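The following block contains the structure, expressed as C-alpha cells.
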Amino acid sequence: MTISKITTRKHFEPWRLAGNILLTGAFIAVSAPFLWVFLGSFKTGTQLNNPTLILFSPNLANWTRVLETGILQAAFRSVIVGLITVSIAIIVGSMGAYSISRYKTGGSTARFGILTAQVLPPAILVFPFLDLAYRIRVNGTLVSVVAAHISLVLPVVTWFLIGFFDAAPKEVEEQALVDGLDRFTAFRKVVLPQVAPGIGASAIFGFVISWNDLFYALILAPGNSATLPVRIAGFNTFRGVELGAMSAAILVSVIPVLIASFFIQRRLVQGISGGAVKF
Amino acid sequence: MRTMKARKSVMALIAVAGLVLISACSSSSPNASTAGNTKISADTAGTVRVLMEGVPDTDIVKGLLAKFNEKYPKIDVKIEPIAYDQIRDKIVASFQATDPTYDMAIIDNPWMGDFAKAGFLKPLDDLIAGTADYDYNDFSAPLRAIGEVDGKKYGVPFYNYGLGLIYRTDLLASAGITEPKTLDELAAAAKKLNTAARAGIAMQPQRGYKAFEEWGNYLFAAGGSIYGTDGLVKLNTPEAKKALNTYIAMYKSSAPKNSLNWAFDEALRSVSSDKSAMMVSYNWMLPTLNKKDGPAGALAGKFKLATMPGGKQVLGSWDWAIPANSKVSDAAWAFISWITSKEGEAARVSAGGAPARISVLTDPAVSNTGGGAEYYATVGKILGNAEPLCKGANCDEMINAVGTELNAAIAGLKSVDSALAAAEEQANKIQSK
Amino acid sequence: MSFRARMMTPLLVVFVAAIGYPLISSFVLSLTNYRITRRDETKFVAFAQYKDVLQDHAYWSALAVTGTFIVFAVALELSIGLMIALALQNQRRFRDFSRSFLLSPMFVTPIAVGLMFRFLLNQQLGAIPAILEKVGITYDFFGPGRAIYSMVIIDVWQWTPFMVLLLLAGLESLSKQPFEAAKVDGASPFYTFRRVTVPMLAPILTVAVLIRSLDASKVFEYVYAITRGGPGTETQTIQYFTYQTGIQFFRLGKASAMSYLLLIMVISLVILLFKRIEKARLAS
C-alpha cells in the first residue's frame, strides 16, 4: 500500500506542476480586473483616466457616495430574492428532476420542454410578467421579481439535476428500498446526499442568475426596492460612466458572495466526504 | 378539414383573448382637466411621481423642490433617479398600465413623436395658454419645435443637449490656429494638433446613435441637411458625402488610435486627461471641464466652447410631459409650469442646469455664475441654429439605422457612397412604416 | 397518484404559473402586429411576422454572429474549465480559497463586467493596451473582424468559472473505484483521463455545454455596454437585435416572432443532438 502510494505520487508530479502553473495563470487572469476595480474605487475622477497609476493617496469619496445610494440595502434585497428563488427552485426542481431521470416521466418532452423558457429573451417575457403581476396585485413588489427569477432559474436548475441524477448510481437507492425505506425517504436520505455536489453547484448557479439579473428587476420592481444590478447599472449615465462609484459598487457586490462561497465550498466538500463515509 | 377549421378558430380565439388583454391595458381614460386662465391655485394637492435620469440636472431639480413647496405646500414631488435606457423601458411600462407608476415624465426628443402619436401623453396647449405669465415663446424655437407634434404641444423644454465644438485654447494658440470656421479648417486644425502624445480630436464613432449624433454636425458644417424640402430623409447628397469623407479622414489621421467603439464618455475622458485637443460634445460640458477640481484637474480654465463650423449643430432635448394616464395632472402641471417658468429656469440654470429659455442667457444673475457671459452667448447661438436628428415617427429606429451605416463606413466595411445610399433608403422606409 | 407523479406535480405547477403564462401570451403577441406605440392598430396577422423575420437579412446575420460567439466562447470555456477543474481536484493547499476565488467573476453582474472591460481594453484609457504597448504591441480590440472575439474573451473571463464549478462537482461525485482500478493497472494519467474520466463525466459535460450554450445565446450586456452592435453589425447578437426591435423600437409583435423562431431552431438542434447521443450510447 505504502509502496504503491509513493510510486503514484512520483508519477503524478509533472501533472501536478502543470496544474499549479495553470491555477496560477487563472488566478492572475481573475484577479487583474478586480485589482483594477479595487484601485479604481479609491481614485479621483482625474486619476481614473490614468490606468497604470498604482501608487496614489487613496480617496474615500467613491465609497461614501456609493453607500449613500443605499447599495447595502440593495445588496440585502438581492440576497433575499436570490435565496427565496433558489430555495423554491431546488426543492421543486430536485423532486421533478428525480422523477424525470428515474421514471422517465414525460419522456423526452419533459426533458426538452423545460428548456423552452431558457431560450426566450427577458425583453419578450417581461411585458406579460408585468401584466400578470398587476392582475394578481403583486406589481411593484419583490414578489414579482422572485416569480420572474424562478422562470429563469427553475429550468436551468432542473436541467442540471436531471444530469446529476442520471449520473448517480442506482444500486444504493435500490438497496435502501429493499431495506424497507419508503420511496420518498429513500429519495431524501439516500439519493439527495449522492447528488449533493450537483445540488450545491446548481444552487450556486441559480443564485448567480438571480443575483446578476438586471432586466426583470429593473422593470418589475420600483425604485425604492431596486436590486443590486439595477443600482450598479445606474452608474452608467447619459453624462458618462461614474467609474469610481461603480468600482466600489462592484466590490460591494462581489465580496459578500465571495465570503459566502468560501464557506459553502467548505461545507460542500464536507458533505461529500460525509456521504462517502456512510457507504 | 374539420379539425383544421377547429384549430383555426381556436387560434383566432387565443389571438382575440390576447388583444382583449392588450386593450384592457390601454383603456385607461385620460384625465379630463379643464384649463383655467388664471394662476394655478396654491392649494393644488397631490403626490407626483416622476422617473428621471441620475444626472446633475436631476440633482439640481431635486435641490429646488423645497423652493417649489414654499409656493405649493400640498404637492409632493417624488423623483426617482435611474439610468438612461432604463427610463424608456420603465416609462413605457407605466404608460401601458391602468394604474400608472409615474404621474409625470421626462421625454427624450427621439421618443416624442412616437409617444405623442400613441396617445401616451396629454396635450398641454390649454394648460400653457391658461397659465398666467408663462411666456412659452421665450423657449428657443428649435427646442419648442421638438415638443410640438401634429400641431399640438406635448412637452415643454426641460433642458437642452445641443452640441458644439469644445477645444483647448492654449493648444490652439500655441499651434497658431484660430477657431475653425469651415469643415476643412476643422480637419486641418485636428491634423495640426495631432501629436504622438495627444490626438487632434476625440471622436465618437460608436455604432448607432453616437455615430449619427456626431456626424450630423459635420453634415450641417458641410452645408447639408438631414431632411429634404419634401420632408423625406436625403442623405445621398454631395454634402453628405463630403461630410462623411472628411469625418473618415479625420478619424484616420487625427483621432485617438483604435477608437471605433468610442462614445461620449471616452471622448470626455480623453480630452480631460490631456490626451485629445478637441471634441464635439454637449455644450454644457464646458463649465464642467473648466470647473476647479473637476474632471479635467489642472487643465480647468483652458477650454472654450464654439458653434460648429458654419454655425449649425445637432440639437437634443429633454421635455417635461404629463402621461395621459396620470391621475394628478393638475399637480404635475403646477410643478412643470413652476420649474420651467422664468423664475424656476433662472434658479435651475444658476445652479448649473442646462438652459432652455432665451431670456435666462442674458440674465446677469445667471451669467455671472459658472460658465460666464461669453459661454452663455455661445449657448444662445447654438440654441438658435440647431436641429434634431429626426422628426416624426420611429426616430430611435431611424437613428440606429443611419448610425449603423455610418459606423460601417467609418470601419471601412462599406464605401461612403453605398453606406449613405443605404442609410437614406432605410431611414425613409422606417419612418413611413 | 403514483410516486413519480407526486414528485412531478410541484415542478409542473410552478412551471406553468411562472413560465406558462408569459410564454403563451408572448406567442399570442407574435401572431399580431402589436406595437407598443400603435396599440389601437393591433390586429391578428397569423404568421406574417414570422415571414417578415425570415426574410430579414439582419436577423440571419444576427444569428450568425451569435452562433460564432457561442462556438468560440463555449469551446474555450469547456477546455479551460476542464483543465482548471482537474487541477483544482488535485490541489492540496489553499483549496477553499482558490475554489471560491476562481468562481468570483460569475458574481459580477454582466453589465458591470461589460463596462469594466470597455475601459480595461480601451486604447487610450485602458490598462491592458497600456501594458501591451510597453512590449510593443498595439491591438484594436473593437475593430472590424475583431470585436466579436473580444466579446468572447470577456465571456470566457466571466463564465469559465461556471464550467469549473459544474465539472468539479461532477468530478467529485464520480465513484472512486474505476480510478483505483486504473491505478492498479498502471494506466498513465492521460489514458485514465481519456478512458475513465471523460466517459464517466459525459452526462455532466453534455449538460454543462448545453446550458452554457443556451446561456451564451443570451449575450446582451457586453454588446450593450461596449459596441452597441458595431463595427457595422459585426457584434449585433440576436438578443441585442431582439431587445432593440421589441423595446427600443417598440415592435413587440415582431420581436416575439424573432424569439419564437429562435426557440424552434434551438429546440430542434437540442433534440437532434440528443438523438445522436442516445444512438451513440446504444451503439457502444
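To keep things simple, chains are lettered A, B and C as they appear, and every chain counts its residues starting from 1.
Everything that follows uses one rule, which is that contacts are C-beta pairs under 8 Å (C-beta built on N, C-alpha and C of every residue); 3 or more make two chains touch, one makes a residue touch a chain.
Quantities reported herein were computed from a predicted structural model and do not represent experimental measurements.
Enquirer: Between A-B and B-C, flag the pair that has more C-beta pairs in contact.
Expert: Counting C-beta pairs in contact for A-B and B-C gives the edge to B-C.
Enquirer: Which one chain sits nearest the middle, judging by mean Cα positions?
Expert: Most central by this criterion: C.
Enquirer: Please flag the chain sitting at the greatest distance from subunit B, going by CA centroids.
Expert: Using the mean of the C-alpha atoms as each chain's centre, the farthest one from subunit B is A.
Enquirer: Round to the nearest whole Å and give the separation of the Cα centres of subunit A and subunit C.
Expert: The computed centroid separation for subunit A versus subunit C comes out at 15 Å.
Enquirer: How many angstrom lie between the centres of subunit A and subunit B, each centre taken as the mean Cα position?
Expert: Comparing mean C-alpha positions, subunit B is 39 Å from subunit A.
Enquirer: From the mean C-alpha coordinate of subunit B to that of subunit C, what's the distance rounded to whole Å?
Expert: Result: the chain centres lie 35 Å from each other.
Enquirer: Where in subunit A do residues touch two or more other chains at once?
Expert: In subunit A, the residues touching two or more other chains are 49, 127, 131, 233, 236, 241.
Enquirer: Could you check subunit B for residues that touch two or more other chains and list them?
Expert: In subunit B, 21, 89, 96, 269-270, 273, 275 touch at least two other chains.
Enquirer: Which subunit C residues sit where two or more other chains touch them?
Expert: Within subunit C, residues 25, 29, 125, 247 contact more than one other chain.
Enquirer: Considering only the defined contacts, which subunit B positions touch subunit C in the complex?
Expert: 11-12, 14-19, 21-23, 26, 85, 88-89, 92, 96, 114-115, 117-120, 199, 206-211, 256-261, 266, 269-270, 273, 275, 394, 396-397, 400, 404, 407-408, 410-414
Enquirer: For the complex, which residues does subunit A have touching subunit B?
Expert: So the residues of subunit A in touch with subunit B come to 45-46, 48-50, 127, 130-131, 134, 139-140, 218-219, 222-224, 230, 233-241.
Enquirer: Along subunit A, where are the residues that touch subunit C in the complex?
Expert: So the residues of subunit A touching subunit C come out as 4, 8, 11-12, 15-16, 18-20, 22-23, 26-27, 29-31, 33-34, 36-37, 49, 51-52, 88, 91-93, 95-100, 102-103, 105-106, 108, 111-112, 114-121, 123-125, 127-129, 131-132, 147-148, 150-151, 154-156, 158-160, 162-164, 166-169, 183-184, 187, 194-198, 200-201, 204-205, 208, 211-212, 214, 228-229, 232-233, 236, 241, 243, 246, 249-250, 253-254, 257-258, 261-262, 264-266, 269, 272.
Enquirer: Which part of subunit C faces subunit B closely enough to touch in the complex?
Expert: 24-25, 28-29, 31-32, 34, 36-40, 42-44, 46, 118, 122-125, 129, 138-144, 147, 224, 226-234, 244, 247-250
Enquirer: For the complex, which residues does subunit B have touching subunit A?
Expert: 21, 25, 51, 53-56, 80-84, 86, 89-90, 93, 96-99, 101, 264-265, 268-270, 272-273, 275, 294-297
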